[in-house]
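Chain naming follows the written order as A, B, C and D, and within any one chain the residues start at number 1.
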Amino acid sequence: MIRLSDVLELRVRYSETDQMGTFYNSRALEWFECGRTELMRRRLGMSYAALEARGVFLPLVEAHLDFQGGARYDDLLVISSTVEVSGRAKLRFEVLVSHAESRKAVVCGYTVHAFTDRQGKPIRPPAWFTQLLAKAADNVAAAAGATGGVSPETSRLS
Amino acid sequence: MIRLSDVLELRVRYSETDQMGTFYNSRALEWFECGRTELMRRRLGMSYAALEARGVFLPLVEAHLDFQGGARYDDLLVISSTVEVSGRAKLRFEVLVSHAESRKAVVCGYTVHAFTDRQGKPIRPPAWFTQLLAKAADNVAAAAGATGGVSPETSRLS
Amino acid sequence: MIRLSDVLELRVRYSETDQMGTFYNSRALEWFECGRTELMRRRLGMSYAALEARGVFLPLVEAHLDFQGGARYDDLLVISSTVEVSGRAKLRFEVLVSHAESRKAVVCGYTVHAFTDRQGKPIRPPAWFTQLLAKAADNVAAAAGATGGVSPETSRLS
Amino acid sequence: MIRLSDVLELRVRYSETDQMGTFYNSRALEWFECGRTELMRRRLGMSYAALEARGVFLPLVEAHLDFQGGARYDDLLVISSTVEVSGRAKLRFEVLVSHAESRKAVVCGYTVHAFTDRQGKPIRPPAWFTQLLAKAADNVAAAAGATGGVSPETSRLS
């Protein structure tokens, strides 16, 4: 099975807080999306924007969230994302959001994505996409062999 | 000059609050949009969705907001919107958001909209749209003549 | 086990759409919150705002979402929510969002909530809250006995 | 008059787009806030979070936005913010959002902020805050003298 991982840092925006003083729950899904976006750009070698431009869409079909701790305005968070491709025409991203310094967990969960065309009709993953994934996984394996472990540097762009 | 007015009630959502305990500032623009949507459906006789389906878009080109008071989660608000059409190819919506019971002001402002096609290219307002507006204004004038004043009932849908 | 149900209608806001032309996935959690808010006000006889004012908070600890169909700007949706109270100090809301006319499913899922104080410390559900729930459930049972079935009228406020 | 400037890069999130294919208008105010947050942390030497922790709040009292061009999902944007302090107890931030590569304008505008305490009551800017600003402005002037011009490096955190 192919697995690719990436790590992204971002800060909690004021607009993402609510009157309880922590982030509003739905923001977690927006952070998950930021994680997916950077993982694809940095590990897959093709941005999700480029994927859509080629007519391949990855709408969410399922999401699960476990809320584990608060996060306040301006807190620096780490989004750790891993994508898995199974034999079926689905992608699954596992995500853990935690505090950058203390590593305390904030929220973890997963999202499952279908492959569709521009009109939302399910399609098989194109062969060029599967090859891209396999090549990215090979690169990861080679890097792990060279260094004795995979430790992707953190991206600080959101 | 043609003027149409409408009134919409909505409640502050938890997702619209921030850690200061009141609504986050950008929500005001989202409420303004709810006001425009219902004004067009109820006063113009054509929803904005139907307008877009006919290839006419009204993107925002300018917005101004004056924040005048707080509004907390679950507070019932009144959005009073008035659209003006001037000779130029622009629409201008004036909006006042206030508390439903106390009538205390929350935020007021305006938005200015261009007419464009689906690709965002500026267009002249179509003749059928101008006629729709004129007819709606006539209806308002006739209703005002019949009742001695215009008092649109409030919509409670959002 | 105590179960209370409610139905709320709302329209998809322009701000809730994304470039795929349907609603952005995280909005589902915001609609779930609108459903909870009205269910508590209408079925429990105490709004969530009043609950917080008495020092009882219900932060989300878990959420699950199954996306089943699109919903476009201005589509009228029905949010059907049911709350369950188990013996443990948790509340669970089951939610189904569907199109008001066609009844086509849009998204379904659940949220699980802990009871905490203002500082976020877990507490047992207060006795007055449990009694409120029990009384609300009795009212539902009595109404069902009187009419031969429960069919809550739909709320159109959001 | 004291003026401090800063530049922040961020990418348009999928959650910030709407069905027109560009960013939804209210996101501009959220980006303005990201610009203010980094300007204060990097130029003032005190984050807005720290300011609030000391009991000083800067709620928005006025905002103006001119929308000048589209920005699509994943586009890299530059937020250029400048804060001005006048004799009155107000702060004014001027903001220009443009495309990082083409420098094409996306949206520009300003926000005006009052000084209040935690309860929202207007206060005078504390002396320590005014001194902090004056010192930051001196640093800018000294740096400009040393290099013959001010060109703050861009922050890539959001």
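Just so it is clear, a residue touches a chain if its C-beta (ideal position, glycine included) is under 8 Å from a C-beta of that chain, and two chains touch if they have at least 3 such contacts.
All figures in this text were calculated on a predicted structure; none of them were measured in a lab.
Distance from subunit A peaks, on a Cα-centroid basis, for B. Two chain pairs, A-B and A-C, are weighed by contacting C-beta pairs, with A-C ahead. A separation of 38 Å divides the Cα centre of subunit A from that of subunit B. Between the CA-based centres of subunit A and subunit C the separation comes to 29 Å, rounded to the whole angstrom. Residue positions of subunit D with contacts to 2 or more other chains are 14-15, 26, 29-30, 33, 72-73. Put simply, subunit D touches subunit B in their complex at residues 20, 22, 25-30, 33, 57, 59-67, 70, 120. The part of subunit C that touches subunit D in the complex is made up of residues 14-15, 17-19, 21, 24, 26, 72-73. Listing the residues of subunit A that touch subunit D in their complex gives 9-11, 13-15, 29-30, 33-34, 37, 47-49, 52, 72-74, 156-158.
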